[in-house]
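Chain nomenclature is as follows: A, B, C and D, assigned in order of appearance, with residue numbering initiated at 1 for each chain independently.
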Amino acid sequence: MSDKLAEIITEALAFRNERDWERFHDPKNLAEAITIETAELLENFLWATTDESRHMEGAKLGRVKNEVSDILIYIIYLCQALDIDLVKEARKKLQINRQKYPVEKSKGSSKKYTEF
Amino acid sequence: MSDKLAEIITEALAFRNERDWERFHDPKNLAEAITIETAELLENFLWATTDESRHMEGAKLGRVKNEVSDILIYIIYLCQALDIDLVKEARKKLQINRQKYPVEKSKGSSKKYTEF
Amino acid sequence: MSDKLAEIITEALAFRNERDWERFHDPKNLAEAITIETAELLENFLWATTDESRHMEGAKLGRVKNEVSDILIYIIYLCQALDIDLVKEARKKLQINRQKYPVEKSKGSSKKYTEF
Amino acid sequence: MSDKLAEIITEALAFRNERDWERFHDPKNLAEAITIETAELLENFLWATTDESRHMEGAKLGRVKNEVSDILIYIIYLCQALDIDLVKEARKKLQINRQKYPVEKSKGSSKKYTEF
């Protein structure tokens, strides 16, 4: 089994190197870029109810696919800029979340851990 | 070589199932959650210059690691909710970007493709 | 009748001058600050349905009041930094919107003008 | 002297009533709309340094003017939906900020009050 995230990281960095764009990719600007792509993602759900948002197809679903991809690609660039191992950190964060949200306190509840 | 993204997806979905949180995770709310985590990421770069943002360490770097992880985890939930194959879509988007930003037009330039 | 927005602008700029903060308030950082406050506003509606969001009270309503205020204050700073007359521009934008969204095409519809 | 913000509020609500849009304007969706407009504002500063962002003109300045107007208009709708007196709340928030950020602790410093 191949490591697909590693392949995308390689591909995304090659794309950038060919265009000599690393010079623009300081962490502050990358964080802004992630913010902008995220708002473009959110726009696809604007004026819908939460229930309506469960049923998405056609051009709108296509735009959602593009936006989540853009967010992932910019996160890859940010992690490269700050020497962050995304896979390792996501694992560690899931471990933190398991401690912040013990099953017995959080099951079936949308409360933030600060509200327990 | 193992597929690390697939492992995180498995782990993130297990975390959620144990807490019975899927009921809250409609795409509209997940897109909002991604937006909120992204702003928390951006907050770490607020009032810094772009150059200063390149040098990040200690507690601030720790927070950045947590935020990029949270964004990735919520993207995984959104992709699961809408049956999106994140790896496949990111690949497709990189292919789209290669066509929108041909090397000869975009090399060393931060212009948007709409400004070529 | 006094001009209340003008009074808030005066008060907000006095607050800033006393703290010598204008030096941090370049437009890029102010736009980031508005983004961060906006996400803090949105967080109050996270995991709610659109209907539930209509009924808000107590501490949550208090936080919403604080966040809309923060957004307005940062917009005032941004307008000052770029010499923008907010009242005049909002009027002009409403005029643009009246043309983009003629009553006969937009009545009772949440479609974006690009979808007419 | 006329109260210009009150005039814009009147005009913005009239614009909406003519289009029968209040039905879409629950607080959750309005908070999303503010988020989206804010990201469109931020996009005008993307890839710029903080210094470069101080000098803005032409079409880009025009877009910034439109975006701050859109944000203000949506904030007006949100305040109307939740019966918030924006002017009164902004005044109260400035008073809170004066207490959180005493001049002697905050003068010339971009530290958050939680870091004092």
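As a convention for this text, contacts are C-beta pairs under 8 Å (C-beta built on N, C-alpha and C of every residue); 3 or more make two chains touch, one makes a residue touch a chain.
These figures come from a predicted structure and were not determined experimentally.
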| item | value |
| --- | --- |
| Fraction-based call for subunit D against subunit A, same above half, different below | same |
| Pair with more cross-chain C-beta pairs in contact, given A-C and A-B | A-B |
| Separation of subunit A from subunit B, taking each centre as the mean of its C-alpha atoms, in whole Å | 2 |
| Whole-Å gap separating subunit A and subunit C, where each centre is the average of the chain's CA atoms | 26 |
| Contacts with 2+ other chains: residues of subunit A | 24, 29, 32, 35, 38-39, 42, 45, 47, 49-51, 110 |
| Partner subunit B, residues of subunit C touching it in the complex | 24, 29, 32-33, 35-36, 38-40, 42-43, 45-47 |
| List of subunit C residues in touch with subunit D within their complex | 1-6, 8, 11-12, 15, 18-21, 23-24, 26-29, 31-32, 34-35, 38-39, 41-42, 44-45, 48-54, 56, 61, 64-66, 68-73, 75, 78-79, 81-82, 84, 86-87, 89-94, 96-98, 101, 103, 106-108, 110 |
| For the subunit A and subunit C complex, residues of the former touching the latter | 32, 35, 47, 49-51, 110 |
